[in-house]
Amino acid sequence: MTLSTLLVVSATLFCLGLLAALSRRHAIFILIGIEMMLAAANINFIAFWRFGPHTAHPTGVIVAIFAIAIAAAEAAVGLAMVIAVYRHFRTTNVDQFNQLKG
Amino acid sequence: MNIFVFGIIASFTLIVALAAATLPKLMHAALSFAVMFLGISAFFFLLGAEFVGLVQVFVYIGAVAVLIVFTILLTPHDVGNVRGFGWSGVVVAIAVFGGLIWAIVKTKSVAIAPSVAKALTVKQIGEALMISYVWPLLCVGVLLTAALIGALILVMEDKRS
Amino acid sequence: MNSWIMNTVWLIPATPIVVALLILSLGKTAPGLSAVFAVIGQIAALIMSFVAFFPTLHAHGFRGVENFTWFVFGNQSLRIGFVLDPLAAAMMMMITLVGLCIFVFSIGYMADDKNLSRFFAYLSFFSGAMLGVVIANSLLLLFIFWELVGLASYLLIGFWIERPSAAAAAKKAFITTRVGDMGFFLGILWLYHNSGTLLFYDNGHGCLESAGLAMLGTSATFIALLIFCGAIGKSGQFPLHVWLPDAMEGPTPVSALIHAATMVAAGVFLVARVYPIFSVGAINGVTSSLAVVVWIGVITGLMAALVAVAQSDIKRILAYSTVSQLGLMMVSLGVGGVAAGIMHLLAHGFFKALLFLGAGSVIHALHHEQDIRKMGGLRRAMPVTFATYAIGMMALSGVPFFFSGGWTKEEVLHATSSWPSSHIPHYLMLVGVVLTALYMSRQIIYVFFGNRRAAEEHPHESRHVMTIPLIVLAVCAILLSVVLTPAWPWLESYLTGHAPQFDSRLLFQPMILFSLGLVGTGIALGVWMYHRTGELDPLQRKLPALFRFLENKMWIDEIYDRTIIALGALFAWLSDWMDRYVWDGIVRDVGAIGQLFGKLTTGTDERVINAGVDEGTVGAQGFGRVMSRWHSGQIQPYLGAVALGMLALLLLYAWLG
Amino acid sequence: MSQSLDQIFIHAKQWLLSFLSGRASDLLIQIVSSLLNIVALLGVFLTLFALMSVLERKILGRMQNRYGPNRVGPFGLFQPVADGIKMLIKEDIVPARADKIVHFLAPVLIAAAAILSLGVIPYGRNMTPFVIDGGILFFFAVGSATELTVFMAGWGSNNKYSMLGAMRAIAQMISYELPLIITVLPVVMVVGSLNPDKIVFAQKYYYFGFLPHWFVLTPWGATAFALFFVSGLVESNRTPFDVPEGESEIVAGHMTEYSGFKYATFFMAEYLGMFAVSGLAVTLFLGGWHAPLPWLAFIPSYLWFFAKLSVLLFVFIWVRGTLPRIRIDQMMNLAWKFMLPMAFTCVVAAAVWHYAGHRLLAWLWSLAVIAVVYFALSIFLDTRKKFTPRRYRFVE
């Protein structure tokens, strides 16, 4: 197991998140996809910390912890927005949210 | 650490992640999403960051996944309307995937084995958080409070209507 | 030791104010608790005053000052501070002790009121604000607390807010004192302009110290008179005395607090505090500003004493008596007897609080009957109230030897007799003494002697919580005379900073016998006139015209109504008319001109400028239409674009590196 | 003698593993060691579950003035065996419109979570099945998965009672998870570790030679223990907080559509969760496996642990036999208005304890902090005012 295999796994996870965010029509999938991408990024942080030269300083771990905290906040606000948008448009299909169309 | 355990965890995580991204039923996808974090936290355990793994499980399975299923319950929808699948997104995702893999393979400096390191204790993380990163920690606290209040205000029923 | 005292002296006014806020924050939940808090706060203030009193005892002429910068504007800094000298310490002792008695009395008197906690919060606030006035070392800080005192009096006079008369009286008190405060504030500004400081004592640079006073020059007279305006308003001097009798609309403990310890004392205290400004350039102890003080005091004292003779409301009589006594104090200050005036203020605080609380006890027993003609014969029903009330009456009338009021009044008369400018004030004050004894004996005969005329069948003695403060105050009124006798004038020397000397010969002077005779005359006259009283006042029977004149307070309120208030109404009507027809018309004309100009410019705009802009916008619109095709308004294409951009960056980076 | 008796299970395990050493790879030995731990854990706690189910019924019976089960075996002790057989041979019904996979996975996962959370508790000297630095965090991380599994049960059943029950369960679990976790914080703060073993070791001393150094004997520890215990009652859905499965209101909550062995699994998970919470309470506040008096230390440590555990379990049963169920709004009010502030107060009191210096002084100070907040809360949350005499209004 080398760093590159881990990176390949996290890149795959990232692209699966991107897939969920880009191709699904339900608004919640965008959030799920973003959370997956963030998780992939967290794996990278931890991996680079673990494989890097300074394992004594838990910098990567700290960044991951902050990322988790911020992702939780993002999920809370995002889901609240989904509910608010649903109340307004009576749908969660993101194709129909095109009020900003130019 | 050996390649066997790693392979099991990686395939488990990626299969569940694929399920989360593609399962037609929203609830199944959300539950797979929750299970995926078990795999990710296993990665963290494998990499010696037990604390982050536990926090990941705690936050995502305990809180975010519950939030998501609640949101799904609160937004009943006509299933046919949301069933669609955008193939352009698949193309973009595959293109990005190709680009990333190409970049990783091309970069020689990442093909390294892990160094032998002492296990990271919770105390070390706590000291780092409370000494070196105390301001970011406070900022995150403020951010979480703001997010809490903001989320509440967003979903609050409008009294007038 | 001293610095420790000075660093913590601010706690004395702060404690009651904090207690007031605490009580207000409790809300109506626990009225009993609020009373307990208020009393505890007052006891704490009393103990701290006592502690602060000690250093002033040891060194004669002690003066501790603690100044600090409040804020800085530009290159100037505004400094405020606290001062502790015999004047402040004695005042604090009096305020906290009398206040404590009144607080305790209120527990019984206001027991049935549903807003008890609000009442105690205001009382505490009132007491704290007055303590602030006393220890302020800056005219500005004093003014702030002064206004807080005014606010508290407004809140308390209008405490029974559901009564229209109480609300009106509160407004009247507030507005009338505000007239005086306007002058006071102008005086402060003028003083700051001339001397550059508002601190009283500041190591020789304060406005009351020689360097500061020297800078005032001739304007000192005007500054002093303007400051005196404030004292006129607060201490109810003629012509701004009209609010004080109306302030009787508040609950009786409030009247006691206003008349004895806090509000009216503030005016006299102010004059005593800034006395150096009044006496700038004095010849033989006489300046024009002090002469004004004297004459205002004389007019007030005599007029109020006359009016008091013909009043029938038990509290109004006491109110006019207060006005009259304040006039006496002002005279004393004006003729140079500062110590005598302050001593009279302190003694007056005790016995006037005693009288008011005694009146409150009577009123409480008679279920809020205040007309003395409907009282009578309460001597047996309320022995404690009667005994203490009699002591208060003796003290107020100025019976010498045993009662504090006698000695202090003696000092005042002594001071007036030696005023070089004129002897008329002295004689008029002697008349005032007779009148005081007269109306007080009239009141006490009406209330306590004779037959029972009250509608209430069985009036009974008040509860212990109300009688014990009366007894305490009565004891104080008597015991205080020990330190006031001319034989051992301890309090006077304490205030002036000399060592007291014992000289028993001074106890018996012809002056004292003379005044004893005057007081005796007054009391005898009262007994003779009123010993067989009915519903109709003997004076009213004999001299109905004079009685009506006095009963209606010399028609001063009516005169104000006809003159000042009518003038104000006229001005208001006039300015309304001007606004409506004159200024409005001008504004309309200006508007019309503007409109015309606007029409002209519109024409130019539309024909000339718009044409050019229109051409430009058509081009921009076309470009925008092309660009807007890219904006689907949906989030996923945007996300995809971001992903593609990331991919492009990645490829670029890989290609370069 | 007592030493060897104390470590008898450790020695037994090492003896078993010694057959493998030298013949198998390290990984295999590690796996076998873990398996042995798991087997021991499951054996002990499933037995305890069986025992508990019959004892609960018997004790409840005594409390309600009747005999409990007393037909099967001596004193009815074989009742759980009979129950087990009955559960196994019952028909397993899955509703036609149910989400089959989710419906099946829910009981499995809920039991798994409960068993996992049992893994980090030290049962005796050197007897922690799964040693991990952040053991307490592990406990709560695994415990938080229960919410999702309850939701799966409710949603997968496709039944409105199940869904309502699941919603209630999640609402109360989330609400009470906060006090549950925050009351652990003072202990963690004072010990300075999330490791259960270290927390137990920190309580091994005795004041004056006889008074144990347990955290429950400090003001903040006593308060935190009380709060923790109540939150534990809620987390394990026990009376008086059994709102999610109140049979008189919503049949059986999220377990309505389960029958046979799946129902038994839910039942078991609930009991295992109860054991886990009690075990954690023993570890955190009651000195873990330490003896209450120094001269009783010759009794093996695991016996002490299970003695304390049984006392707590008895209290669970006792509470169930005594108190009626409370309403969901009362529960939420209790959690957010009283328990959460009190839990934070415990944290503050523990900090005061830590910095106050002298022990007696610290004791008094932290008691003062808690007492002040307690009385303030009791004044502000006083609801007696609401019960004023009713006023009737008539048409005039």
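Residue numbering begins at 1 within each chain, and the chains themselves are lettered A, B, C and D in the order written.
We adopt the following convention: a residue touches a chain if its C-beta (ideal position, glycine included) is under 8 Å from a C-beta of that chain, and two chains touch if they have at least 3 such contacts.
Note that the structure is a prediction, hence the values are computed from the model and not measured.
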Residual chain clusters - subunit C taken out, nothing else repositioned: one piece
Which of B-D and A-C has more C-beta contact pairs: B-D
Whole-Å gap separating subunit C and subunit D, where each centre is the average of the chain's CA atoms: 66
Geometric centre distance via CA averages, subunit D-subunit B, whole Å: 29
Computed distance of Cα centres, subunit B from subunit A, in Å: 6
Residues within subunit A bordering two or more other chains: 18, 21-23, 95
Residue numbers of subunit B (touch at least two other chains): 2, 51, 55, 63, 70, 86, 88-89, 92-93, 96, 100
Chains that touch, pairwise: A-B, A-C, B-C, B-D
List of subunit C residues in touch with subunit A within their complex: 624, 627-636, 639-640, 643
Contact footprint of subunit B on subunit C as seen in their complex: 636, 640, 643-644, 646-647, 650-651, 653-654
Complex interface listing, subunit B residues touching subunit A: 1-3, 6, 10, 13-14, 17-18, 20-22, 26, 29-30, 33, 36-37, 40, 43-44, 47-49, 51-52, 55-56, 59-60, 63-64, 67-68, 70-72, 74-75, 77-78, 81-90, 92-94, 96-97, 100-101, 104-105, 107, 110-115, 117-118, 120, 124-125, 128-129, 132-133, 136, 140, 143-144, 146-148, 150-152, 154-155
Touching residues (chain side subunit A, partner subunit C) in the complex: 18, 21-23, 30, 94-95, 97-102
Subunit D to subunit B touching residues, read off their complex: 27, 99, 101-102, 132-134, 137-138, 140-142, 144-145, 147-148, 151-152, 155, 170, 174, 177, 192-195
